[in-house]
Amino acid sequence: MSLITNQTKGVYVIAVTPFLPDGAIDHSSIDSVTDFYFDQGADGLTILGMMGEAPKLTLEESVAITRQTLKRAAGKPVIVGVSAPGLAAIGELSHRVMEAGAAGVMVAPPSALRTDEQILNYYRNVIETLGPDVPVVLQDFPLATGVQMSSEVLIRLFAAHPSIVMLKHEDWPGLQKISAIRQSEADGSRRVSILCGNAGMFLPEEMARGADGAMTGFGYPEMMVEVTRLVSNGQRDLAQDIFDVYLPLMRYEQQPGLGLAIRKHILARRGAIAHASQRRPGSVLSSAAISEVEYLITRQEAKLAQLR
Amino acid sequence: MSLITNQTKGVYVIAVTPFLPDGAIDHSSIDSVTDFYFDQGADGLTILGMMGEAPKLTLEESVAITRQTLKRAAGKPVIVGVSAPGLAAIGELSHRVMEAGAAGVMVAPPSALRTDEQILNYYRNVIETLGPDVPVVLQDFPLATGVQMSSEVLIRLFAAHPSIVMLKHEDWPGLQKISAIRQSEADGSRRVSILCGNAGMFLPEEMARGADGAMTGFGYPEMMVEVTRLVSNGQRDLAQDIFDVYLPLMRYEQQPGLGLAIRKHILARRGAIAHASQRRPGSVLSSAAISEVEYLITRQEAKLAQLR
Amino acid sequence: MSLITNQTKGVYVIAVTPFLPDGAIDHSSIDSVTDFYFDQGADGLTILGMMGEAPKLTLEESVAITRQTLKRAAGKPVIVGVSAPGLAAIGELSHRVMEAGAAGVMVAPPSALRTDEQILNYYRNVIETLGPDVPVVLQDFPLATGVQMSSEVLIRLFAAHPSIVMLKHEDWPGLQKISAIRQSEADGSRRVSILCGNAGMFLPEEMARGADGAMTGFGYPEMMVEVTRLVSNGQRDLAQDIFDVYLPLMRYEQQPGLGLAIRKHILARRGAIAHASQRRPGSVLSSAAISEVEYLITRQEAKLAQLR
Amino acid sequence: MSLITNQTKGVYVIAVTPFLPDGAIDHSSIDSVTDFYFDQGADGLTILGMMGEAPKLTLEESVAITRQTLKRAAGKPVIVGVSAPGLAAIGELSHRVMEAGAAGVMVAPPSALRTDEQILNYYRNVIETLGPDVPVVLQDFPLATGVQMSSEVLIRLFAAHPSIVMLKHEDWPGLQKISAIRQSEADGSRRVSILCGNAGMFLPEEMARGADGAMTGFGYPEMMVEVTRLVSNGQRDLAQDIFDVYLPLMRYEQQPGLGLAIRKHILARRGAIAHASQRRPGSVLSSAAISEVEYLITRQEAKLAQLR
């Protein structure tokens, strides 16, 4: 059982949850998409996140998907999203997935939180519920949660709770936050791992500002693998060249609400999952949207061929 | 097994969930508080609502509390709150509590809903998930959910889904909504039962506008029983006299966030539950607040004595 | 020209802005309602607040209303609400009303503010815009603004900006906030005046917790005058008796959105203004609502007669 | 005086408001930036929008900027943003700018609107305030306003109010909305002009879906001019090639809150305005951010040179 730490680096793909057209879990595609992500170079996975349709699953389904993914991952680290309206549900799912071998859990704040004090209290309660030994990823995604955490509040949270080892960074704009956290570490604060979300839209800049990698689910995870590796190796220009090729599609996939339908369309097209289906309620791509995606993919493939 | 219908009338008390000081469920107090509510004249109960600390419970705990309450209620109707971020959780809990003998389920909208279209789609998905035979209470509580449903949208929902048999009315201001719904029924729309929440703060006016009763959890449920009965009997002045006596404390108990601590303090004081404890995270009454409550209770008792 | 200070006490009525049925400003009623408020015992007025329909006025209208009210107030203090989306508008209106003789200005936070840091920055910008000599009332009304300011943030704001001399307190629940601020003052923080809003619904408790008076616009301001005086004199029971008589109507008037229509109905009925009209967009009372108000007024008058 | 109509096509640049470093209006730069926009091929301008720092201006400043811009535009159409919390301010500014020769006014909904009914009522009040002869642009920008308008509501608004001649489309995702509106027009609804915002991030797709042009303020307006022209001419591939070159910088400029600082940096760098200054409160670019922008501009210029 490998646990994430505050030194964790690399690409953790936000995994989709595959469904059959009737809404049942597609267990065969869980295996194939897990293989796909690792074949593309992922260092780990994060399952049951927002884009993993977690709120549409029952507890037992969540545990079953975790067990199957962990088995297929064969020792590679798998983080599990456990965000829920109440501490009891967070505690129960966390306990069961950690027992099953998860590498850590990810917790986003509930949308009612407003003041710094409320945010600090919330995570204190979460950490008390989980106990000090469960590695926690704090998800900072104001566009989706409505909760705004200043750099100062994040730094206070990291100082107060050593088990928060990682930040899933997806504030927007958010580059200055990475710089502020790294500066506070230079000034003596405890280090945290920073993996970046936001569909990868700022990955080159985020890496250059000091992030440790990516945690998002763009349908071409090899982009994240290459860009993070190249920036880490100091090949910033080449990283940006690769990034630019994928950017038109990335931008298209990032559309809120619609993004998951686009992502699953791409993954199905690439053979990673059998069906693009979402469990209800889900969005459906119009034929116009499918044409737009296909057009962008064709261009992307041509430009990639040119680049190699 | 008795089910609620669109003719249901009376007082359905929003039940608290009793906890021991360490956060464990206080099973002994579940029995005593159930007895207490019925002894005060309740026609039914609604458990696992917002003030029942539902999000702090695991699924198995929710089912266990439902079973115990149903057993103790001995045939009296018990509605169960099943609101959750995802349809799977709503479906699973509904299935289990209806199987156990619940009278119906209550569903509040998730806070992300904005447009009329989104609201209509959401409840269509809920009803498809529950099937046509589960009686549903639609909870309309914008102060807590942030979702605003116009009278027109409610009337369209009632028309589209015959299994929505009841409205838990707690819009604020909301009296005109009751009048609008009753008017639409006079014009041919299907009738729904309307039970009123909002801590009882507008109960006399709501009854006079055509509501069928109350559904809230004020620590003196006998007020609701008396006021609804008196208004129904045409004794509006006496109803208002009774109401006015309780109003200062009702107002104090209605404070958002703090209200449950006040309510549990009153119920513990009255012997209905053993402890005023909330499961974490909960609010705690300061000594100043306790003095204020006690002062109001003393005055209330004196005025009641005077009135009889 | 009298300015408010951090020692200001008493009742500052939130004044309505009277309109003719066609939406024009009713200048004659500005005089009569000003007289009315002072005749009922007000110590001062606050004009152009949320319930003064300020956003419906042009700049020149706002200045004209201020000048007329100041003239009629004949030296009694008048605070002017200057909240606006931008600092330029706040600065311009403040400059002009202070020049005209206002006693201070009131500023509520714009609804986009979330983190403590954003709130602190906002008021720093406001104070820089106004200069250090304009006395400022900070309005803390989360129900209307959506902005939540913790006690700690308020105390930091008072410490940073000596020209913030007064808090218009209308958080809900908010009693603990008064206690926390007074405690911090006992521990050495600078004193601020605290006048309470929230339609007066918690006035006895607020005074007992250490507030300096009331700042709200209930149609019977004499209630506020009497209750604040009695609590200050140690006659808490009698204060509560008076309060209880008005509470049913106060509760009815407090309905968000509808409240101003009720308030203007009462003021028109009492002869303080000629018309209950609001400038568009405004709410209108249904005949059912008018009957409900009249019923409550009749009962209130009977109970008052009984009490004297 | 040219007015916009429901047939208006082309690129209307969202103009910045230039300031001197001390916060005073930079009148000389108003002329130069107006020239710059038209030199780059703009068909018209939209001034005093959200990115024009409109809420930071006094009424007189707004009118003065409008007059100067109209004079410099020398007959080219200029739309003026008039959004404000109250109808009186909207009416006053609209009256004065239309009198001065504006081509129309733009109105975004206030953030408190929730239900379809509230949105319909709001725009009815706006149109009554403006009168039937002022051409109105409806701004649909949920990310900034928090107000969600379904396609159905927009179509009802267009049907009810012939003076709403244009939609500033910036819902996200929003492509399907363009298709739905154009489909309703094919089915008999009145035509509206659709110009697209959202920083241009979806301009090729928007044009292909039936939009009439762009209305946004990206620092390289020639991109919008070229892309809209090329898509209109059926040269979609070339349009996308051009678009892709600018996309990395466009993405960077689109960051909420920070975007205007980036945009003004670019415009100052290009000589269109003398200073990148914003009036307080404004965001400031860190040196890291400036390096990132410069890096993207260098790459963009190289790629453009390659393309020609």
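Letters A, B, C and D mark the chains as written, and numbering starts fresh at 1 in each.
One rule holds for everything that comes next: a residue touches a chain if its C-beta (ideal position, glycine included) is under 8 Å from a C-beta of that chain, and two chains touch if they have at least 3 such contacts.
Which chain is which protein? Per UniProt: A, B, C, D = Dihydrodipicolinate synthase family protein.
Everything quoted here is computed from the prediction, not taken from an experiment.
Looking at chain B and chain D, the chains that touch each of them are A, C. Interface comparison, A-C versus A-D: the higher number of contacting C-beta pairs is recorded for A-D. Of all the chains, the one whose CA centre sits at the greatest distance from that of chain B is D.
Chain A and chain B have Cα centroids lying 38 Å from one another. Taking the mean of the C-alpha atoms as each chain's centre, chain A and chain D sit 33 Å apart. Our note on geometry: chain A versus chain C, Cα centroid distance of 48 Å, whole angstroms. Across the assembly, chain A contributes no residue that touches 2 or more other chains. Put simply, chain C touches chain B in their complex at residues 172-173, 175-176, 179, 201-202, 205, 208-209, 240, 243-244, 247-248, 251-252, 255-258, 286, 288-289, 292, 299.
Those residues of chain D whose C-beta lies close enough to touch chain B in the complex are 114-118, 147-150, 152-153.
Looking at the complex, you find that chain A touches chain B at residues 54-59, 61, 84-89, 92, 111, 121-122, 125, 128-129, 279-281.
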